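As written, the chain order gives the labels A, B, C, D and E, with residue 1 at the start of each chain.
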Amino acid sequence: METTSRVREILSWYPSDNPGTLANLYRLLMHGRLAGTGKLVILPVDQGFEHGPARSFAPNPPGYDPDYHIQLAIDSGCNAYAAPLGFIEAVAGKHAGQIPLILKLNNSDTLSKGHSAESAVTGSVKDAVRLGCVAIGYTIYPGSAARNHQYENLRALAEEAKAHGLAVVTWSYPRGEGITDKKGETAVDVAGYAAQIACQLGSHVVKVKPPADFIYQPEAQKVFEKYNIPWKTLADRARHVVQSCFNGKRIVIFSGGEAKSSEEILTEVRGLRDGGAFGSIMGRNAFQRPREEAIQLLRQVGEGAWVASDGLRLLLAGPMAAREWMRQTLDRGRAAYLAGRILRLEALTRPTLENAVQMLRDRGVVVGAKLQLTPEWASRDKLAALADEADLFLR
Amino acid sequence: METTSRVREILSWYPSDNPGTLANLYRLLMHGRLAGTGKLVILPVDQGFEHGPARSFAPNPPGYDPDYHIQLAIDSGCNAYAAPLGFIEAVAGKHAGQIPLILKLNNSDTLSKGHSAESAVTGSVKDAVRLGCVAIGYTIYPGSAARNHQYENLRALAEEAKAHGLAVVTWSYPRGEGITDKKGETAVDVAGYAAQIACQLGSHVVKVKPPADFIYQPEAQKVFEKYNIPWKTLADRARHVVQSCFNGKRIVIFSGGEAKSSEEILTEVRGLRDGGAFGSIMGRNAFQRPREEAIQLLRQVGEGAWVASDGLRLLLAGPMAAREWMRQTLDRGRAAYLAGRILRLEALTRPTLENAVQMLRDRGVVVGAKLQLTPEWASRDKLAALADEADLFLR
Amino acid sequence: METTSRVREILSWYPSDNPGTLANLYRLLMHGRLAGTGKLVILPVDQGFEHGPARSFAPNPPGYDPDYHIQLAIDSGCNAYAAPLGFIEAVAGKHAGQIPLILKLNNSDTLSKGHSAESAVTGSVKDAVRLGCVAIGYTIYPGSAARNHQYENLRALAEEAKAHGLAVVTWSYPRGEGITDKKGETAVDVAGYAAQIACQLGSHVVKVKPPADFIYQPEAQKVFEKYNIPWKTLADRARHVVQSCFNGKRIVIFSGGEAKSSEEILTEVRGLRDGGAFGSIMGRNAFQRPREEAIQLLRQVGEGAWVASDGLRLLLAGPMAAREWMRQTLDRGRAAYLAGRILRLEALTRPTLENAVQMLRDRGVVVGAKLQLTPEWASRDKLAALADEADLFLR
Amino acid sequence: METTSRVREILSWYPSDNPGTLANLYRLLMHGRLAGTGKLVILPVDQGFEHGPARSFAPNPPGYDPDYHIQLAIDSGCNAYAAPLGFIEAVAGKHAGQIPLILKLNNSDTLSKGHSAESAVTGSVKDAVRLGCVAIGYTIYPGSAARNHQYENLRALAEEAKAHGLAVVTWSYPRGEGITDKKGETAVDVAGYAAQIACQLGSHVVKVKPPADFIYQPEAQKVFEKYNIPWKTLADRARHVVQSCFNGKRIVIFSGGEAKSSEEILTEVRGLRDGGAFGSIMGRNAFQRPREEAIQLLRQVGEGAWVASDGLRLLLAGPMAAREWMRQTLDRGRAAYLAGRILRLEALTRPTLENAVQMLRDRGVVVGAKLQLTPEWASRDKLAALADEADLFLR
Amino acid sequence: METTSRVREILSWYPSDNPGTLANLYRLLMHGRLAGTGKLVILPVDQGFEHGPARSFAPNPPGYDPDYHIQLAIDSGCNAYAAPLGFIEAVAGKHAGQIPLILKLNNSDTLSKGHSAESAVTGSVKDAVRLGCVAIGYTIYPGSAARNHQYENLRALAEEAKAHGLAVVTWSYPRGEGITDKKGETAVDVAGYAAQIACQLGSHVVKVKPPADFIYQPEAQKVFEKYNIPWKTLADRARHVVQSCFNGKRIVIFSGGEAKSSEEILTEVRGLRDGGAFGSIMGRNAFQRPREEAIQLLRQVGEGAWVASDGLRLLLAGPMAAREWMRQTLDRGRAAYLAGRILRLEALTRPTLENAVQMLRDRGVVVGAKLQLTPEWASRDKLAALADEADLFLR
């Protein structure tokens, strides 16, 4: 596949990295169904360590098997598979090269309690190198009394990883003594702050939880009010987090968190998409479902966006009533479905397209009661580029 | 630009450093609008880490973007730009060489509370070397129960930095268990003490907060009284801090602290200037303003001082009434303004010049009711040198 | 693209390598137009160092520019681009990830003469890691008085490379004091021997020159005769070399050597293909042609093989006269040409297909005067797999 | 001084270097009278080691003193000063930061004879770091029997230098057993080859001797003839060398060699300029002259080019007879002379301008019997950029 | 004793050294009878290794004992004592701190012959540190086929020594394949070249043999003639060598070589003195004499010069006939002798004083038939400084 201009743009945000790290970021961005779009879906499976095997794998017993997860990640077109040392070692030699791997270098178990939130370092950069990984993963707990120790560990590991041409993916999960109200852990201000910290620590990719409709810090509350920072919709909150990641110049993806229904997931994903998220990490919500359902879920999300992007070409001939545009776009989408270009009928729903129209308005691509391309976008080339780079997954 | 005698003098205070470190101090002193004057304005942007992104950047949203800050530092003629690893990595490769960079090696976040004040080490000397920085930055909290750990970290990092030809810039912020009254954190005696500690730890440049009209330690109180150390004006207090920095033989600069109005900033800067400060670090007060306003603010301060220095030549012909000197000097200043030599009309105000006359008296350049050059200064060459090296910014 | 069974088979020959090295072999085998076929075309450009710039690049002056070569390798669908440090550094950061890179760690120039054949080490494994390469390349001169030094260098570098997850590609060129007759340098026995040495030194990929119709060692002459080892056709000789590479269980590719006409190249490539070669390294023959001609040449070779493989499906319905099969296969090929599946009419020639039929007989896929699938191959799935993995390029 | 687009372009050719190395290349390109033009004049003083003190310094005895040379380099506006360890240590602490320094890491003396040409390593990368240098320098002798040892030394030193953020400057001087005819040492084919080798070894800047009107290698002779590579004028030969340096994407500068008259030097410099050289290294020809003469020589060369570039603005109003353009341009030049913008009347000569017109034609800036700007160049901005970046020195 | 301005001046020539090295240079310059004068006498005893014990010590058998030499050096007021590891270890603990020690790190024996001149490394920088030495010593043989190896060894040892705050003393003795005529080893041009090489290698102190009335290199011969470099007297030749040592900005001392009569030594020393030498190394000529004679010899040389300097004060009152001045000066000298200020009557001879007068004329201190101070020198302070820093030993 040819390099897209979106991927070139993303790589340009990392001007201080060596070509080795850039090549691994490239591999991450150019693999799977979202290759080239600048969007990412990563399948992380660290719950066996974090929550114990029964809680993690009993809902879908094949998940006890390490081969299950990497194959799921490959078959559903994820960009990468992330796991602790044991799971990676169990599959890396057998599936070498088939999907970018991220070695999670620290992990926390829930057998011991009552201490500061702190993960153990369970893998090394050398492990990541010998296992052929493209990146290391590391979890920090901003708010924990042990946070400085975590930041310093990450600093040292990131320095070593970059020297070895690896990328750095940081899970930033606020938690611990500094956050006295459980709701604060997902508060929008805290989420943005935690994301900023991960970026400042030199991460290439940051993963946070979807921010909730809550502001935790009184000082932040004042600022949000004084400067009218919107935060009531998930899209607004995601936008704040993306902005907090160097104005969108660091890749930020959102985790799925608690297991949910497919419908809830898709709603959440749409909100994140509208806020400019680069993609998702879906652990439990993917691998705790039966395999086929999981694959389908991961696919559907992206396909809807592609259909909408594709429909923009209809407007090159001139303005068109929104209803008419939707009708024709759905027709094109169905044709694409028949041609195998898209695989899920769920991608062809009116709400999805309405969502998309709103997004296209927000980006200044279309205007008017009748849909009309803005002059800036009214060229076949611009639209082709948009479609090529269409955010197949989340936008 | 040719090396000035002031810069030569400053470098002479560091006779034990290797040429690599001296060359980097030189670069710091010879860059930007204040190049050669011995004065410094450094733009530090670590607030995203220290206070969170919304509180830091919402007042001027372009500041979410790492490219914004380095460009602001370049365009406003700062001597250097200082930031944590993430912000530096995001720009170093793209702007390589365009402005001296300082990598802040430790940073503190405010998500976790209730512990000893202690920053995490978030970057390394190797990072500073590969990123082309001229110096490392490090924050210590004298007064914290964890201070010794911080001093020891700084010692090790400074040793490594100096071996690699880098300079060491220390932020010295009294804080923690040892200072039971919040007002003590900026007390003049504490500020001088904290500055001394930073110098004794081998720093080349020390940054402290402007000292407040308060003495915290009873023992210090007695000494200030017994020896009549003046401390009622900001100039007096700044003078005490400068003296505490090896009698002015270490570069000491003052931070701006809380966001203020431009007028408040300029008043503060004047006080510091009169006390002999080498310059300022202006974080929030610069980047939280709209860009053009920030650039103008940074410019105005220096221009006023240049006008006053330039006016000294009028006295070569003989004594002159102060009022007449001021009139003519303002005329010359206006001409310089029209010629584009200075850019801010604000630099041409009577209070600024009165301030300057007082300073010139203090330095023994002029005497008398009628202004008159002292014999030592009554030569075209001496004045030219003074003007060349005019403390464009703060004195 | 999905992993093919051929690539899985090839990787199975390297059971002692760590997943990092396997992943990089995978990347090498899964990139470009031959991705998944187990065949390789690598574009090496070290001639500027080896023969000087004028002799190398004057025939096609854009080749003076390092960007030209990597773009040629990308556009023509090569599996990898190999070059010395200077050429790789000039492009790695800009084209990071776009094509697998091989850093040639030693190089020889022709300005100094009259010594043992010996290349200088001009790059390191650390260079290869920081530049994001998938493999190191190294040249040995079996026959040189300095060979042991070279073998020992390679050993050390290969050990380090494998620990860092890189693959090892060895150029094995007999030369030097031990080979007193110039013809001996390409003699078939010597070529097989040199290839064996490279494999025994732990190389993953070996590159040799096409073996000539000559036996150099008297002892080898006796053995070839006693055991009736065929060596009169290029295919026979290539087969001997492939067999010498661990019975085909190491990847062996052949260089193109002196610049030739396109026709000569294709004839040579066909002979090598028939002998089981895994592919080619084409330096001068590619980059000394005008760019479009070079791209076309690289494409044509592979397309012919694909057409033949595709035609096999015709036999699923039952036996078919060879002539009829050829007619229908050419028709399918033309359709594929019109559909843009293949780009060169040259791929659709009778000699190519006759060649292919012979190959299919050799492999036991077809038998009989009328062409007939053997029972082992008479299934849609087997043929699909064969076609998928069709040796698009050389077989 | 603001970064010029030419410097940005040059830095873009080094996409694999870390920001530290880029910053030091930037410092090299942005210092001195040629700052920002992409041209370089470096003053190297290693002759005391290479030829002995009397032969080197007796013609101008102040040259025995290490302070003399660095001051000459500073005063004449060179981009950098290069010398062995002793001379650098004698001045680095005293002149820290005042001019970019290049530590020559190997040197050869002429007291011992009859061996392979080989320099001793006389300094280290650590020395370069502690002395505040921007680059290391290293000499290779392609053609020497000991060349491989030299290449390998350079490789190791360059790797270490790059890791420390230094640039690498290579002196490439063909010499030794492989070049049996003394004339071969400066033959144009050999010069191009030696430059290519230095580039392939990962050098950022290459220094060669001006190539002579001679081809040494018979194989090269055939290629030059077959492809009509012009080599009869110095400009032609310089062009071949520049092309051999990655098509001009590596900085290549020429040494002055034997001491000559000022007139001879300027003629030589003009030839090199026309061939696209990036600048000169002038050792003996600079420091063996009386100081003032040396400074003037270095200045004059650049000023002539600036005058010509400046005159282009006259053509914005429309075509102009060449003679008239020259008259007006000379007038402007004289005004610039009076204004102190240029310092040497010699820069204002007709031959210089005629030279320049030819160059402007070659670059496609002007066409026609009457001078006329091509459409591409007919804008104030383009001309301003050209003038800003005017190749003040050599083009 | 107070630091003299001469020592301050000398230390200023080493601006790139760390304070540790400067402190050791200071110790070297401020110890013994010549303390503060900038002159040095070092007693080296490496002849036991170099020529065998009988040849070295039989003439004065107490010399077999290592305690003898260091005590001799202390008692005769030498600045330092230099020897190989064994001799230093035998005394360092016992005489710790009593005299600066120089550990000679390499030594050559004469039992093995017929190889390139090359010394063995017989001590380490760590040895020098643990033994409390102020400097390392190292011998190079410019002209030897093995010279590069020696230069590279010295480079590495010097780097380590400087990092440990030691000074570097280099014995530079031309010898070997490159110097086919034995007379070339002490030729004036070769001596100057060898001294220059030692300086360029980063030595703080260089030791060479007194240069002989001979020019070895034809190229040098031409230069000496063309530029009228005088070389007929020992003073002329010494002056050339001093100039070759960075124009006198590196300390250069001369060895005594073959054993001679006291008279010959003093004549030689006077010649060297007039040429600006910094002092002597006297091995055999000192320790092969009976102890008292050796001490006396070392003392006498310096005392004569002090007497002359002291006599200058007589001229403050006005001009004085030379004869009268000599009379009074001798009187003062005798008084000083009686007072114990000087110890040798030999210092009070007319030839010594005549010599001194000539020197004072040369330096522009006195003029006229009647001796008269030049205006520049006619102050008590200037003369006091001159006397203080009087070159007690050699000038």
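Quick note on the criterion: a contact is a pair of C-beta atoms (placed from the backbone, for glycine too) under 8 Å apart; a residue touches a chain by one contact, two chains touch by 3 or more.
Keep in mind the model is a prediction, meaning the values are calculated, not measured.
The chains that touch subunit A as well as subunit B are D. Central chain (C-alpha centroid nearest the global protein C-alpha centroid): D. Interface equivalence for A-B, evaluated over B-E, D-E or A-D, points to D-E, where over half of the contact pairs coincide by residue number. The greatest centre-to-centre distance from subunit E, using averaged C-alpha positions, is reached by A. Distance between chain centres (mean CA atoms), subunit A to subunit C: 39 Å. One simple way to say how far apart two chains are is to compare their mean CA positions; for subunit C and subunit D this gives 42 Å. Between the Cα centres of subunit A and subunit E there is a gap of 75 Å.
Subunit D has residues 15-16, 18-19, 92-93, 130-131 in contact with two or more other chains. According to the touch criterion at the top of this document, the contacting chain pairs are A-B, A-C, A-D, B-D, B-E, C-D, D-E. Within the complex formed with subunit A, the residues of subunit C that make contact are 3, 11, 18-27, 30, 92-93, 96-98, 129-133, 163-165. On the subunit C side of its complex with subunit D, the touching residues are 46, 48-49, 51-55, 57-59, 61-62, 64-68, 84-94, 107, 109, 111-115, 118-124, 126-127, 130-131. Put simply, subunit A touches subunit D in their complex at residues 15-16, 18-19.
Residues 13-17, 142-145, 147-149, 151-152, 155-156, 159, 174, 176-179, 189-190, 192-197, 199-203, 217, 219-220, 223-224, 226-227, 229, 240, 243-244, 246-247, 249-250 of subunit E are the ones touching subunit D in the complex.
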